[in-house]
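The chains carry the letters A, B, C and D, assigned in the order they are written, with residues numbered from 1 in each.
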């Protein structure tokens, strides 16, 4: 009930690290080029694979940064934290699948289905991030005793409507796939930058 | 004989993390949809793969939580602990194989064989968890000096008949595959929740 | 803004470790030998795969040693460090792809394209190493308070022209693929040995 | 020159953990059983795969235990330690390949070649273990200040002829493949148990 979180973080780091590294196995060297096609052309044709790789990588990196940020405030663990963290990591390891799905079906008949899976995954992940943070921070139950109350409150505020934003993105995706993907990317960037956003909100002169 | 267990835990975390993340490589994007089949239909047809993924993930997560719980009481290591831990991890990395086997053969002629492999794996894992715990806790030989004696006794009690329960599940599987899978899942949940069970058993008012 | 870097290092170690280990999945046991071919011959024919494996492994190992060396001087982190480190790791996990590309196309029509991808990857990695180091060391913002000023200055000096050297290698590769690969290898060895080079530059009698 | 070895160990643990977990990807669920073949028969036919899996796993586990044991005495690192450790890990990640080779070709024409690759890999690994230990222990240069001199001397003694034993096994393999594999296994077990062997050698009454 009141142990250090070092091992939860090490285990999570392992999952993030493997998930990010496994992405590379989808990038294949082209074999047996068809006559008249240069290697450069063969590689260029694979651009959706590269785009999916970079997007998945950036998305998981942003989630790792967020996870890292949350755990700077969390100082203890209990079973509920272990399981909500485990559910979040399930979402993390899944990310490459919907990303590859969108990369393959964008512009084709299945694109709305692909966008539903993609945006749906992020609804679930946003929900899990919220669950993890509530498990840790409600009444400060698992926070470090010396946690920064301002930073904690800022995270709580910025997470409050997170799942809702992603649900809205999901709905948009039913009408315009591309718009929903852009929105999803913007949300990821928004959650990547809370501390700077926070810096803008917090009264000047306050050291953090 | 009396070193810290940090590196045993880090190594184990690595194995758990990789095992959980590798599960995702079995989830493939459907290529070359047959005429008249939508992407949604193609994905829906893959439900046994998704079920196997979620079951394997949850199973390994529960084992990680248990492993984490045991090591909060273990403070030292010797060669026997390293090898019994290594045997347990062998069981952990194997889990995806019997799970995929059951997902593929459930309802088909090979289903009893698949259930035997699945349930047999968990008999072995239960045995290894027991061996690890006995190696560490018998006469308190490798426990932390400040370990919680109540919690240790509770783990010892709940583990005592663990392998037996799984052997019983194995036998049930010879007659009814589905019943044995449900039993196996219930056992996993039971072992996922020892501390709450403990909380119900321990006299009220006792702080843990 | 001023936490320890332990988790950044653990996460990075995970990425490096997985990237180095994944290399082995490209080494396959030969099946179904054609009549009249011995196993030894079948293995010998695979020498480009083994060469690519050893080169990729050595390259990532050298990058890990450099990363390890940088972080002995870095004592704190902020968001910029997390993201520049994440970009560097993106380069690290990519290394096996251009290496396999060169191994497959060396001496064939696509070799200049392959060399461009290979050398281009290292331009990006050199740039990322520089960005990471600048993020950490400019005005000593994230360095340990007790960092070794001589060693820091030496790293800054040896990194200053790093990307430039790799750009030059890239240009050479447009004219002679083999020369550029040899140059690239020599650069890796040069960056593998900064502290000895430093030892030669630093005035004798100075303890480090 | 005098930092803690935590990160070297964490990185090595990552490599060991991934190498052991990756073994499982070679264990496949049988698809499309030929008519008249039961699942049990299809699985039984795969026994060389399972044997290779268990052998590789046990071998890497024993190497991890040895690595763990060495580093309980090593307290500092330098560049030479990082690179000799990196070379050892190269051997570790390679182990599954020669193991699979032997599993596939045992009893077939290529078996001597397979045994040469297998035994040759262990010659290299034994050499790397020796190099790592010499780098760390010669004149006690990287050992912990409070290292156990008896244990260190025992390791030095038992490692002295290690590579030689493996070279002898390699030579035996040119004449009898099976004998060499049994010898190789016995050597692994011998190196797995140094502390007990040590306990038998060290004068009674001496606490370790």
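Everything that follows uses one rule, which is that a contact is a pair of C-beta atoms (placed from the backbone, for glycine too) under 8 Å apart; a residue touches a chain by one contact, two chains touch by 3 or more.
Quantities reported herein were computed from a predicted structural model and do not represent experimental measurements.
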| item | value |
| --- | --- |
| Turn needed to bring chain C onto chain D - CA fit, degrees, nearest 5 | 90 |
| Most distant chain from chain A by Cα centroid | D |
| Between chain A and chain B, centroid-to-centroid distance (C-alpha), Å | 27 |
| Distance from chain C to chain B - Cα centre to Cα centre, in angstrom | 38 |
| Numbers and ranges of chain B residues touching at least 2 other chains | 10, 13-14, 17-18, 22, 25 |
| Contact set on chain C toward chain A in their complex | 1, 3, 7-8, 10-15, 17-19, 22, 25, 79, 82-83, 86, 89-90, 93-94, 96-97, 100-101, 104-105, 109-110, 113-114, 117 |
| Residues of chain C touching chain D in the complex | 9-10, 13-14, 16-18, 20-25, 27, 29, 31, 33, 38-40, 43, 54, 57, 61, 64-65, 68, 71-72, 192-193, 195-196, 208 |
